[in-house]
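Once you've had a glance at the structure underneath, I'll fire off some questions.
Chain naming follows the written order as A, B, C and D, and within any one chain the residues start at number 1.
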Amino acid sequence: MIDLSCDYNNGAHPAVLRRLIETNGELTSTYGLDVYSASAAEKIKKACGISEGDVFFLGGGTQTNMTVISSCLMPYQGVISASTGHINCHEAGAVEYCGVKVITLPQHGGKIDPGELEAYMRTFYGDESRDHMVFPGMVYISYPTEYGTLYSKAELESLRRVCDEFGLLLFADGARLGYALACDECDLTLNDLARLCDVFYIGGTKVGALCGEAVVFPKKAPAHFITMVKQHGAMFAKGRLIGVQFDALFTDGLYLKIARNAIDRARELRRIIADRGYEFFIDSPTNQQFVKLGNEDAERIMKAVKCEVWEKPDPGHTVLRFVTSWATTEDDIKAFGDVV
Amino acid sequence: MIDLSCDYNNGAHPAVLRRLIETNGELTSTYGLDVYSASAAEKIKKACGISEGDVFFLGGGTQTNMTVISSCLMPYQGVISASTGHINCHEAGAVEYCGVKVITLPQHGGKIDPGELEAYMRTFYGDESRDHMVFPGMVYISYPTEYGTLYSKAELESLRRVCDEFGLLLFADGARLGYALACDECDLTLNDLARLCDVFYIGGTKVGALCGEAVVFPKKAPAHFITMVKQHGAMFAKGRLIGVQFDALFTDGLYLKIARNAIDRARELRRIIADRGYEFFIDSPTNQQFVKLGNEDAERIMKAVKCEVWEKPDPGHTVLRFVTSWATTEDDIKAFGDVV
Amino acid sequence: MIDLSCDYNNGAHPAVLRRLIETNGELTSTYGLDVYSASAAEKIKKACGISEGDVFFLGGGTQTNMTVISSCLMPYQGVISASTGHINCHEAGAVEYCGVKVITLPQHGGKIDPGELEAYMRTFYGDESRDHMVFPGMVYISYPTEYGTLYSKAELESLRRVCDEFGLLLFADGARLGYALACDECDLTLNDLARLCDVFYIGGTKVGALCGEAVVFPKKAPAHFITMVKQHGAMFAKGRLIGVQFDALFTDGLYLKIARNAIDRARELRRIIADRGYEFFIDSPTNQQFVKLGNEDAERIMKAVKCEVWEKPDPGHTVLRFVTSWATTEDDIKAFGDVV
Amino acid sequence: MIDLSCDYNNGAHPAVLRRLIETNGELTSTYGLDVYSASAAEKIKKACGISEGDVFFLGGGTQTNMTVISSCLMPYQGVISASTGHINCHEAGAVEYCGVKVITLPQHGGKIDPGELEAYMRTFYGDESRDHMVFPGMVYISYPTEYGTLYSKAELESLRRVCDEFGLLLFADGARLGYALACDECDLTLNDLARLCDVFYIGGTKVGALCGEAVVFPKKAPAHFITMVKQHGAMFAKGRLIGVQFDALFTDGLYLKIARNAIDRARELRRIIADRGYEFFIDSPTNQQFVKLGNEDAERIMKAVKCEVWEKPDPGHTVLRFVTSWATTEDDIKAFGDVV
């Protein structure tokens, strides 16, 4: 059965696995203080074009979101997210579990509109009851979004301007960051992210690693961030497990190279969908494709292709999500073409 | 200056104050175990037509909401609220501070639509990712709502049916409960609330008391609720302060009697607004009246009447909120009529 | 039955009650922004000899402790307390509920030893694992302590020195502050507390008020403290309830004057205990007296005097706590003498 | 340099790594629903002699402790730990971050004394103020303890009896469980743990895995435990990473077999220490050895052996901790013998 259900149903990229094997017998420092984590951090900083700043390695996306958000905000502050943001929908309330309110703005293809953000902030500071409200302290975006869409550089710069005006931190969830950066449609680089965000993370779990996300604070991490990582249960005794993997992913541009495969496969998949005359639910240039199908078509396809039912926009239709990854082969997509 | 800004800018109702004075010299048990709290609880249970169940006295609305909600839910559960719900807007994230996500549904005049609640729950339980989501465990309504509107008995029964089907608790925030029950338009009684809700509270602060809300669990309070009250900082050493006040409010039907005054004054105020040809922003039968005015009218009126700017629906208009209370006099309303 | 069980089983001091009665009919601003709260804050600042700083009025002791502690600390920090500290023993884990660890040091008559504090801090900063530990961020003391004892000025200055050396905030829980300051044995004044503490509170509930504690930040409150007060459910809609009471308590030195009564009565009570040849469990100069009695004596006395069993130091003995207050009369103590 | 600093400074056991390599190319279900996690769970249940019950795989020790403890307790409950318990000392307040108080009892070689536990519980339930206190809801033990010591079966049965009498859950932190079970001095088996504990975990990180702990609920996990795992950020997208490792560790008794190596090496190390006439700080039969040395000896040894300074019991002495693991070789110990 063809499996396009997600981008984390496989193991590690062979080059990543190889480094785990090669380093397995070594004794290293623990808790992320090992040479591989240090080396990976340096390579990431170089790739981001920053000389200062801090890089930390955490285990997964939800863990990273809850740790970063709650560590950067004061208790009277909340985090703004698109209503479809991962933190608002599919993290079991982890951010709220840390005591932080998620303030939602309308989503537009999974994105926050800078104008609506500005309007929200103006209304907030114009409201005489604001002392009784959660103060927005951070804007959370996902890049790419949960719908596979991308903020343009202009949009991100607009968000940044609003953040600067109102003292908001800008945080980009990059669980699938590679699949954004590898797109032709993407006009942003790691350097841009480092310039425009206060903190973002580079997803490893979905882009070649067994686990792990690299959190980048381009300027400076909050004081004692490491203790808050520990406090959230997010510190690995064998921190090298993630360090080694990111060290491999950021050697010789591996991260973007393998991400590119997913984009190429997604383009092929899009062509098949278009050829068949199916309707795209949303226009995504990245590795997640959302297709609106009649229920019968959807059921037929799901017998041959493992994929996710995203939603039911009306009683007669079903939106399916097809996901490619660094590991998806041309043959996979051809086989997909044979059955849809 | 006429003050219609809110219903908690005054002291206690004279009959309530009198009981505080009369009992001031007595020595009583502490932490809510005094004879007055016990007596008040009995009177409230009688007024609700329940023989079992538990009544507790807390200090204020936000405190009550956060304590009740977090004490009734499991950590994997969240609370559903209209987007305009007080817990979602004006409690500084107190519920989330307790680790609980507020799940919002659209508001209709401040109310949740039972059909939309049911649809939400069906979608939730049909979602294969639901283990990654916060499980709805409670429906929070305010009665009357933040817009002064009321659920009808039929609507509340519909909510109850949905709650029963999906194992949801139903919690009514009655910070202004008296001003609902005293309305002619209200077809619900305390008995109905006790029958239909798992927990609700009877607001004292806004209806004749200096402070205090009476939380009613018509069947049974969660185990060790008293310890969780203490844990939330919501237990008064001199618990009698609230007990005595509710004992007075529930003697000879005082609570509803004094609430009725606010309703009568609100009706007079509505008549003036209608006579002047102003537009109601929303149709409220209770003690809060929302009037949509041209900005010039709004500014003029605000020079003579202390009231709250509720919102700016468009650049040319301002919505003002006028609030009556048990203490508002006919003269106040006449004076209001002279200036609007 | 003579009641010496605690200092919060009565109503308000008559002068406090009178002001509540006199102001009852007035309309005031809400949420603590009223003229009485402002006036009380000014009087308190004057009594403390400070011109800057902030004063807030909260409802009760546990509420104040949890709000102040969690608002002043960063998430990686904890609060140091004597093992017998109220926050560690009798607040139902309210501080931990806010996510903050209580780090305990041994108690000496309810007090922290400055030398032991310093040793603890040296060990902490000498520990290479300290990033895996909660960073001490505040020292919590109660003044007087839960055992009625007092820190001397020299002891408090020593604590301050250690706090300065290690960047610790010093917070004094003054739930019974009046009963310390009114003692002849007390060599500290409000001015000293304001000089030596980063934050402390002046207890109202136990010293003449129906409810309320005045939190004093002699230098400056944390940013947006008011929102955190709201978030903890600790803001009163009718904030004047507490403001009026503290305004009365800090008019013409009432607070210390009425506290002095408790001290005089406690001295009479001590003399009786000594005359009878009973053993003091601890030497307390304030309004709480702890007496170690044979079980038979204890049982006999408890039939005539309402008081608290403090502990059972050994199978044959019982420690009883007798508490005087501003309201205890000479006749009460004489009656006590007749039965013990 | 000889490295005896800890048991998590290496990679995975070769047989564990081999399975990761062999399965790397497969596509599996995600979030722990894969075949390897299922297989590992079955093997663990078999090894524990249970047919019912639930097994979950989490990432590390602190994460497991905070997730299990906060998911099993009600908000009014706390967890009892020896003062030296890992949750009390070296987890950066993670348990308190989840809102749960850690109640400490004295440690005896790192262990709780069943009699002292019982006395604590009797005092608690005899205390009339207990509603103002955190209710003990769970006993946390580490097995082996942080000092390498072991509860005997009789001791664990005694703890169980007290837990049964007072309605306490018994939770064993088995971060180093293999190193207990592999000892000759250990009279407990996995079956005993499953019979006597309500929940315990089998440490992988320190016993052959790259990461991962297997949480065993011998009877039944709390409802929706999986959602609470997600909420704590403790769910791995590629859950198979841990599943595969535990599947390998519980094939052909690998877990105990490799743990035995650490015990054999520790015995050799102990013999050397004894031969040299050094003093053991504590008598540990497991893979952690604590040696009390004159400062000069300690400094000399630390130049040749990487190890941890445990504490300074007095100005002239230093306690060093030497740790063996499944990977320590006889040559390592011989080399150790040459330099101490």
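The criterion applied here is as follows: contacts are C-beta pairs under 8 Å (C-beta built on N, C-alpha and C of every residue); 3 or more make two chains touch, one makes a residue touch a chain.
Here the structure is a predicted model, which means the values were calculated and not measured.
*Asks:* Note whether the interface between chain A and chain D is symmetric in residue numbering, meaning over half of all numbers used appear on both sides, and answer same or different.
*Replies:* Mostly the same residues.
*Asks:* So which chain is farthest from chain C, going by the mean of the CA atoms in each chain?
*Replies:* Centre of mass proxy via C-alpha means gives A as farthest from chain C.
*Asks:* I'd like the Å distance between the centres of chain C and chain D, where a centre is the mean of that chain's Cα atoms.
*Replies:* 41
*Asks:* Take the average of all CA coordinates in chain A, do the same for chain D, and state the distance between these two points in whole angstrom.
*Replies:* Spacing between the chain centres: roughly 33 Å.
*Asks:* Suppose each chain is reduced to the average of its Cα coordinates; what separation in Å results between chain B and chain D?
*Replies:* The separation of the two C-alpha centroids amounts to 49 Å.
*Asks:* Pull out every residue in chain D that's touching 2 or more other chains.
*Replies:* 75-76, 91-93, 97, 99, 131-134, 227-228, 230-231
*Asks:* Show which residues of chain A lie in contact with chain B when the two form their complex.
*Replies:* Its residues touching chain B are 75-76, 78, 89-93, 96-102, 104, 128-129, 131-134, 308-309.
*Asks:* Quick one: which bits of chain C touch chain A in the complex? Just the residue numbers, please.
*Replies:* Touching chain A from chain C are residues 31, 70-71, 74-76, 99, 131-135, 223-224, 226-228, 230-231.
*Asks:* Would you mind writing out the residues of chain D in touch with chain A in their complex?
*Replies:* So the residues of chain D in touch with chain A come to 3, 6, 8-12, 14, 17, 20-21, 23-30, 59-67, 91-94, 97, 205-206, 210-211, 227-228, 230-238, 240-241.
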